[in-house]
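Next up is a structure, given as structure tokens.
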Amino acid sequence: MKKLINSAETVVTDALAGVAAAHPSLAVDIENKVITRSAGPTAGKVGLVSGGGSGHEPLHGGFVGYGMLDAACPGEVFTSPVPDQMLAATKAVNGGAGVLHVVKNYTGDVLNFQMAAELAEDEGIEVAPVVVNDDVAVQDSLYTAGRRGTGATVFVEKIAGALAERAAPLGEVAATAREVNERSRSFGVALTSCTVPAAGKPTFDLDDQEIELGIGIHGEPGRSRAPLATARDITAAALDAIGADMPLTGDLLVMVNGMGGTPLIELYVVYNEVHRYLAGRGARITRNLVGNYITSLEMQGFSVTVCRLSDTLTDLWDAPVDTPALRWGR
Amino acid sequence: MKKLINSAETVVTDALAGVAAAHPSLAVDIENKVITRSAGPTAGKVGLVSGGGSGHEPLHGGFVGYGMLDAACPGEVFTSPVPDQMLAATKAVNGGAGVLHVVKNYTGDVLNFQMAAELAEDEGIEVAPVVVNDDVAVQDSLYTAGRRGTGATVFVEKIAGALAERAAPLGEVAATAREVNERSRSFGVALTSCTVPAAGKPTFDLDDQEIELGIGIHGEPGRSRAPLATARDITAAALDAIGADMPLTGDLLVMVNGMGGTPLIELYVVYNEVHRYLAGRGARITRNLVGNYITSLEMQGFSVTVCRLSDTLTDLWDAPVDTPALRWGR
Amino acid sequence: MDAGFFRAWVAEITAVVETQRDHLTQLDAAIGDADHGINLARGFGAVETALAQASTPTPGSVLRLTGATLISKVGGASGPLYGTAFRQAGKALGDGAEVDLSTLAGALEAALSGVQKLGAAREGEKTMVDALAPAASALSKAVAEGASAADAFAALADAAGAGAQATISMQALKGRASYLGPRSVGHEDPGAASTALILGALRDVAARQAR
Amino acid sequence: MDAGFFRAWVAEITAVVETQRDHLTQLDAAIGDADHGINLARGFGAVETALAQASTPTPGSVLRLTGATLISKVGGASGPLYGTAFRQAGKALGDGAEVDLSTLAGALEAALSGVQKLGAAREGEKTMVDALAPAASALSKAVAEGASAADAFAALADAAGAGAQATISMQALKGRASYLGPRSVGHEDPGAASTALILGALRDVAARQAR
């Protein structure tokens, strides 16, 4: 295992100390692992709290700031945070208008946020959860824990964050967050595994000519293994899977996301293929992101997330945002 | 070799097509490999042209836009572009106030830009070059081709770009660009090699417990090999090397840059160590960047670049910038 | 069985989880995200500290503190689930200074129902429930049949172990392993494996104390 | 030697560079950035196309077009340097339809001085100059001594090959390899190696044409 860390035990807190040092706009409680805006809660605004295992950076801490999250709770690497963190974050960002919990659909995340929400409500804070489950690699059925939450989380956080900034009430922010989730689908592909620092060796093995289709963001294996193919064919497999689940028509917001170890030049090659594929089917990408937004440590690979925009969602997407990892309009 | 590409031959043009599709603010001549602002040249403004081998993304194409470059010329992977590209870019961005060539100090880049400058001057366009040579891993002496241009290129492009936007004349823009270079030093470390697509195998081999200190951005080996160590010790080695060449005092702009395959969580761990190291020596990081800005394909590793700011340079750094990879203030 | 007995049990779990840390993590790597052993080692490490610092005069208070600490420190799916299991068991043990086998059997049933209420897993879905449910039944049955403590604990641990083994041939329908669909077959569920270790630790501690 | 001879030479270079592409790239991987073979293969591939499309009636025009194309298509250090070498050689050949050995020797000296003017490398600094300089001298010397064409070309190619081999023990003082300092010792310079191939191709073509 080759990593730029001091120890597996301290990687999360060391990185949080780095985040604190790098971003004066963020307040970081390193011991309790809670990142909030330094400006504190905004009175009358719905607070947005997200959280999840570490190793997905910039998600979520990199999305704390004006127009997006109020707080993020990073867990240990690939392990959902604990209710204490979420409760502390919820209390810290409550501006009196209630708090939205953005939860990725994993058993651990759901259970811990559920416990936190109960505790917060005991303390008189209204909480609404949105559970993101956009990953079409997993069938949402009786036979699974449901689709996983992946790339759409970024869209939910951005768009719900923009709406909250406009002082919309909790019910409305939650409804829009859920709408974004329902309109979004993702599919991920791994070229290599990642190594959880505390585990010390790769989570899975892929040989030199093999890729994993439908990979999760924690190195959970996906739908199937396939031979390494061209960017065009791999992209088509990903979009075929998405298209089988949601019509790919109208105005689309598309994210081509790197898994952490993939260079930008390759992400642009993939974006070009996504663009060709969708244009060939009469859809129009009106907004896009190309880069590392929700990663799996040093894994090589990518995911593509498609959201079917409405005019309202486009307007919220375009609204100013000022976070370490997403910034425009200010 | 595992890459998200269609072929080694088309990786650069496919990626450029992706850049074109993703960024309406950029005009991309895919065949001639020139990226310019879609808005065209700004009359009376000094034009900024940079260029270099591909594989360093977002450098340089990701820095084309308001407040930074007017054009970028990407060469083949790790191979400097050719004079034709540079001449076309120079002509395209000339707003009548002359053109600054931002050149990283490699024999190939210098020679090709030199030929392009002669051709441009033959066509009546005034050109001033700034040769960036910030990498302290290489001794600048009779025994080398001189220090390499690495991370300071980002600072030079941002700061000179801001000054050009204020309609400063070419001489002044060039002088400030050179000042930024003189005030900046970098040092890079590799944990793994990278693989040039057309070569098909790693440029060098490092065993599981070895790192390369003083790595270049093209996989050129550096000063020495060393055993894998903690982030703290590796960072100290990098900053010791920089400190031996330039006093680390005053207000500093610091970039902790990922080589392409290093996850952000590790870059924040390194940034934390940089911050501790410099704070311990009484220096103050007043501005910073943490992320992938000048990469070496999928190499794992990082570089740290330090620039000693003046008030003027800080002001120019803070000026609005609106490019795919660096954006604030608008 | 007094509070000391339960503290010894938890200490034994802490030790076993530490030695089996990599094994549990590798089980999780095969069908999950390679952190189960790490999670439990972190959790029981914190429990050890918490028990050393707080006063836990009763069996119930030992298990309640264990559960609360796991909830606060583990995260993931196993944190709330094991945390709830220990908390519910602790609640069922009440506030007496001593508990008997039959009360303990009831506490295990309470743990099981807490886990099932929270996680909604039924038997056969390849989770910790597949070790916990047969173990709880086996203990209740042994108690009902008037078995000796040694036999009862052996029945409990054997049932948990067999239950964990039985997960190998199951397809996961809950938790992260369910994403794999049929590819989850052929691997032991890490949570079932850790439940077998936890209940094996109970048998071992009981055997030691009986000597 | 007419334009056809020089086109045959360039065609032979194109073929050799293609078969030695990976070898040259590996030499560059050891002390540079692993692209020298790729660069030259791309460049001479473009030269082949350019020569097929344009009319090059004289030896000088063949080499000038070769040089200009290399400058336009190669990039890197070797693009401008080899481009300049061929352009300067082409200029020295002038516009005659036939050139003799002595004119060719002068053209090689012109190529060398073009490379040195642009790149500022002297002999012993581990660059293409270390193959080109002894080769140019050897040809001039053979011509001065009235050697046969076959002997003169053999002397040229042997000197280039020996020059390239001699770079192995040198420390690089120019180009990317210089960053390595003493670690550059023990590796053949890729540009010197390609120069030896290019001049070896000249000998081979001359030998073929003589038959």
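By written order: A, B, C and D. Residues from 1 in each chain.
Note that contacts are C-beta pairs under 8 Å (C-beta built on N, C-alpha and C of every residue); 3 or more make two chains touch, one makes a residue touch a chain.
What you are looking at is a predicted structure, and each value in this text was computed from that prediction instead of being measured.
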item: Chain C reached from chain B - shortest hop count over touching chains; value: 2
item: Of all other chains, the one whose Cα centre sits farthest from chain A; value: D
item: Averaged-CA centre spacing for the pair chain D and chain C, given as whole angstrom; value: 75
item: Distance from the mean Cα position of chain C to that of chain A, given in whole angstrom; value: 32
item: Length of the line joining the C-alpha centres of chain A and chain D, rounded to whole Å; value: 55
item: Overlap residues in chain A, where contacts from two or more other chains coincide; value: 77
item: Category of the chain touch graph - line, ring, star, complete, other; value: line
item: Pairs of chains in contact (touch as defined earlier), listed by label; value: A-B, A-C, B-D
item: Chain B partner contacts - residues on chain D that touch it in the complex; value: 22, 25, 29, 31-35, 38-39, 42, 71-81, 118-119, 171, 173-176, 178-181, 183
item: Contact footprint of chain D on chain B as seen in their complex; value: 53, 75-84, 106-108, 111-112, 114-115, 137-139, 142-145, 148, 196, 198-199, 203-204, 216, 218-222
item: Touching residues (chain side chain A, partner chain B) in the complex; value: 2-7, 11-12, 14-19, 21-22, 54-55, 57-58, 62, 77, 191-192, 208, 211, 228, 230-232, 234, 260-273, 275, 285, 288, 290, 292, 295, 297-298, 300-302, 327-330
